[in-house]
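Same chain, two partners: chain A is paired with chain B first, then with chain C.
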Partner chain A sequence: MRIAVSRLSPLLACLGLLVAWQLAAMLLHTDSFPTAWQAILTVPDVLGDRESLLNILDSIRRMVIGLTLAMLVSIPLGLMMGRSARVAAFFNPLLMMVYPVPKAALMPVIMLWLGVGDASKTLVIFLGVSLPVIYHSFQGAKAVEEKMLWSGAAMGLSAVQRMFRIVLPAALPEILTGCRTGLVLALITMVTSEMIARQSGAGNILFNAMDMAQYDTVFAMIIIIGALGIVLDAAFDKLRWRLVAWAEPRQDILLGAS
Partner chain B sequence: MQVVSLRPEIGAETGKVSGQTRAPAMIDIESVSQRFEVSGRKSHLALSDINLSVADGAFVSILGPSGCGKSTLLYIVGGFVSPTEGVAKVKGNVITGPGPDRGPVFQEFALFPWKTVLGNVMYGLRQQGVKRAEAEAQSRRLIEMVGLKGYENFYPKELSGGMKQRVAIARTLAYHPSVLLMDEPFGALDAHTRTRLQNDLLNIWERDRKTVLFVTHSVDEAVFLSDKVVVMTRSPGRIKEIVDIDLPRPRRRAELLLDARYQKYVVDIERLIDDGRDDVVQP
Partner chain C sequence: MNARALNNVLLGLAPIVMVLALWQGLCSFGYAPPSLLPPPGKVFVRLAQQLVSWNFLDDMLATLTRLFAGFFIAVALGVGIGLAAAVSGPVNAVVRPLVQVLAPVPKVALYPALLLLLGFDHASKVTLVAADALFPILLSTYYGASMVEQKLIWSALAAGTPRYQILFKVILPAALPSILTGCRIGLVISCIVVFLAEMITSTDGLGHLLVGAARTFQTVDMFVPLITISLLGLILNGLLYSLRKYLLRGFPEV
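The block that comes next holds the complex of A and B.
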């Protein structure tokens, strides 16, 4: 029974939010705040529209490319920083400068150089995702037990082999935590970049609808983007759990016993 | 009574084995000193002028108070740390780095947590290029030997400390090192588990008589296991005395604890270590 409740609780929370929204909208009763039900009814309209759907798929494509590129660069960089004090000393000041800058604030400059197309938006997503992935990879690599590496060295693993076959798997739980944060940040920067460089994408649909006072569509888009975030995050967490089950306490067993 | 009268003979025999100092040594440590940078200008002398020779097949313990550099000495033989002065040799070759001829077992276990018990034990063999089926068969035998049959597919996270150390020992034995380097391997275990692992280690060792260099701060453990006990002084670590342990093998704990010679070794060595402590107090 308790397991059933805990499984259902996210769903109940969503439902509660929608009910609160519905009641608030009914009470306020203004055009700019449609009820939850109206917004939900608009979702199929948005997704059914060929152009809107292509725009949303465009957004997802940019997000996936930006995220993948960021992971390909940030994971090796973070791992090297974690294992070499010299590499860390070189990149740390650079990252410290970039860290507090909102990546969307770079958008105007990037648009100036790369235009309003895919390149600019992908680059902003790349920048937005990189820092948490670098940071977590760095922490993960730094925490690898020296003696685990020594054990590998005694077996005959070279420095490069130790990097790939000991540091990488040992740091994987931490790396994937960074990637999960990165995934959510990718979604956020994706929408932000499309709001600034308004040419295509989910963020563009949202703001176009806003300009044309189609508030149902505005809220439907918010629901779609939110749902996308929840689904991607849950899927990634499932993948993460499969990859690093060895590092997690066996919760399913504990729950089953209680 | 008869057992007691037999002992000197057996003792003499083991004495002969451990007394073969002329035979080519497995490990030679020659004038090794180790200095660590502490902060800026300060440096700390961890080991001072260590000379030690370990015969092939000997079980040698390095005993001393914490901070005497005994683990550092082991790491130098492992090739994980290079000495500031002097050289360490294995089979006459100067040690320049880690190698599969010297297998470490650490107090922290240092297992690969993403590998199962079987995966951990197989790791070294696979690295040496042994075919999967052969490596697996050998590893399964070793896992059985250390008493973990049935746990092959468990992850380290699911094992107790004692079981983890059994896996670590099997993992190191798997790639057939000539020397086992054990760094306080039972230091993190409770007394009961510790005793059981000591017994099991002796049983395994008596089968193939690998050279063992065993770091510990427990006098009982050192006397129980070893042919020789190297007693070190507090920092800077120097060799204070090397005590030959002339006790018959195979050793049985229950008999040994009642044996006056065992007790005398323990008391004598404890006294040696206490003297070392006084050395520090006197400027």
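The block that comes next holds the complex of A and C.
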């Protein structure tokens, strides 16, 4: 019973939000604020339109590529930083400096260098995702129990083997938390960079529709992007749960970062 | 120990110096034309010029106003709702699923809606900043407050503290380290989001300066606002760190 309630409560929350939106729109009653129902009815139109569907799929493809590349680079880097104080001392100040730079704001500069194509958008997503993944891998590797490493060394594991067979699995729950933050960040960076570049993609559709006063489309896109965030996050959480069910349950809602 | 700390500082400066050297090298050996990548010296001279010009300071002030307005709204709401959800079951039952649903939504996607509802002025940007900074603060307040040791509360009750004072005298101070961590994340997020919002639509602010420079291909002027917002982020982060140290004096190392 309790499990059923906890499963249903996010759905109820969605429903509640939509009802609140519906009521607010009916009260305000302006052209620029369609009701939730109108916006939902427009969602199939947006997704049915070949061009906008291709645009959205393109965005998602770039997001997946950027995210994958970022994980491939950041997880090893974070693990090395966590296990070696020197590596950490080397990279930490640089990462601290880079942290408050709005990554999507680099879009105009990177567009100058790499053009408006896929390369610059993927690079921006890569940059946006890297830091939290590095940070969480770092924390995870740092917290590995020394005793396990000593036992591994005593049993004749080389440094590389210890990394793969002890540090990586022990840090996995924390790494996956980082990846979950990274996943949401990838989506945020994707949408923002497309809003700034205004070339193609989901963010562009949003603002184009606004310029053309197609307010139903604007709100339908918001629903699509929001749903994408919720679904991706929930799917990843399921996967994470499968992989590290043995770990102590941690915060089940991510802390997020932009 | 001291020599080692010094060593680490030098080690940490190395990559920053290397990045600057690479930047300078790319420019002076002609790999990057100045129209694409201006030399670092030129950028920093321009930054110094801008920092004493009134127009630039005006834009900076506009950015800072929005940043702080959004951030403080987020702190007030986040700490308030977080504490309420931690101490009250019914509030928790409502807030928890809402946060679960809203936290992974890219808030920036709401920006067009905010523009339509609140107009192109300060209000829409401040709301966006608050919406983005709210969740880390709310969640760390909630986790901090719900992990307060029960023994502390019992001791306070046994010592005669009235129930309604437990919240402010026991739970809030005990959750403070966690709350301040959330505020730090929220502050950096505020910096980033205010800049992005200004880039997307604005008539003033640092983000607007960047977009304006990009439209006229003034590369030097594109780097200046970027560096300024990063420095602002670092400075604000440092200030919050000192505040944290001051507020948490007497706490065991956290």
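Convention: the second predicted complex is superposed on the first by the 247 of 258 C-alpha atoms of A that agree within 3 Å, B and C clash if a C-alpha of one lies under 4 Å from a C-alpha of the other, contacts with A are read in each partner's own complex, and residues count from 1 in each chain.
FYI, a residue touches a chain if its C-beta (ideal position, glycine included) is under 8 Å from a C-beta of that chain, and two chains touch if they have at least 3 such contacts.
Because the structure is a prediction, the values reported are computed rather than measured.
**Q** Touching A:Leu206 in the superposition: chain B (first), chain C (second), both, neither?
**A** Only chain C; A:Leu206 stays clear of chain B.
**Q** Can A:Ala247 be said to touch chain B (first), chain C (second), both, or neither?
**A** The answer is first: A:Ala247 touches chain B but not chain C.
**Q** For A:Leu172, using the defined touch cut-off, is the partner it touches chain B, chain C, both, or neither? Pick first, second, both or neither.
**A** A:Leu172 sits against chain B, while chain C stays out of touch.
**Q** Tell me which of chain B and chain C touches more residues of chain A.
**A** When the residues of chain A touched by each partner are counted, C comes out ahead.
**Q** So, A:Thr68: does it touch chain B (first), chain C (second), both, or neither?
**A** Neither partner.
**Q** Of the partners chain B and chain C, which touch A:Ser158 in the superposed model: first, second, both, neither?
**A** So A:Ser158 meets neither chain B nor chain C here.
**Q** Could you tell me which stretches of chain A are touched by chain B in one complex and by chain C in the other?
**A** none
**Q** Residue numbers of chain C touching chain A in their complex, please.
**A** Residue list for chain C touching chain A: 7-8, 11-16, 19, 36-37, 93, 96-113, 115-117, 132, 135-136, 139-140, 143, 182, 185, 188-189, 191-193, 195-196, 199-200, 207, 210-211, 214, 217, 219, 222-223, 226, 229-230, 232-234, 237.
**Q** If you look only at chain A, which of its residues touch chain C in the complex?
**A** Going by the criterion above, the answer is residues 9-10, 12-14, 16-17, 32-33, 85-86, 89-94, 96-106, 108-109, 112-113, 184, 187-188, 191-192, 195-196, 203, 206-207, 210, 215, 218-219, 221-222, 225-226, 229-230, 232-234, 251, 253-258.
**Q** What does chain A use to touch chain B in their complex?
**A** 145, 147-148, 150-151, 153-157, 166, 169-170, 172, 244, 246-247, 249-250
**Q** Considering only the defined contacts, which chain B positions touch chain A in the complex?
**A** Within the complex, chain B contacts chain A at residues 78-80, 97-100, 102-104, 106, 108, 110-115, 123-124, 127-128, 155, 157-158, 171-172, 175, 177.
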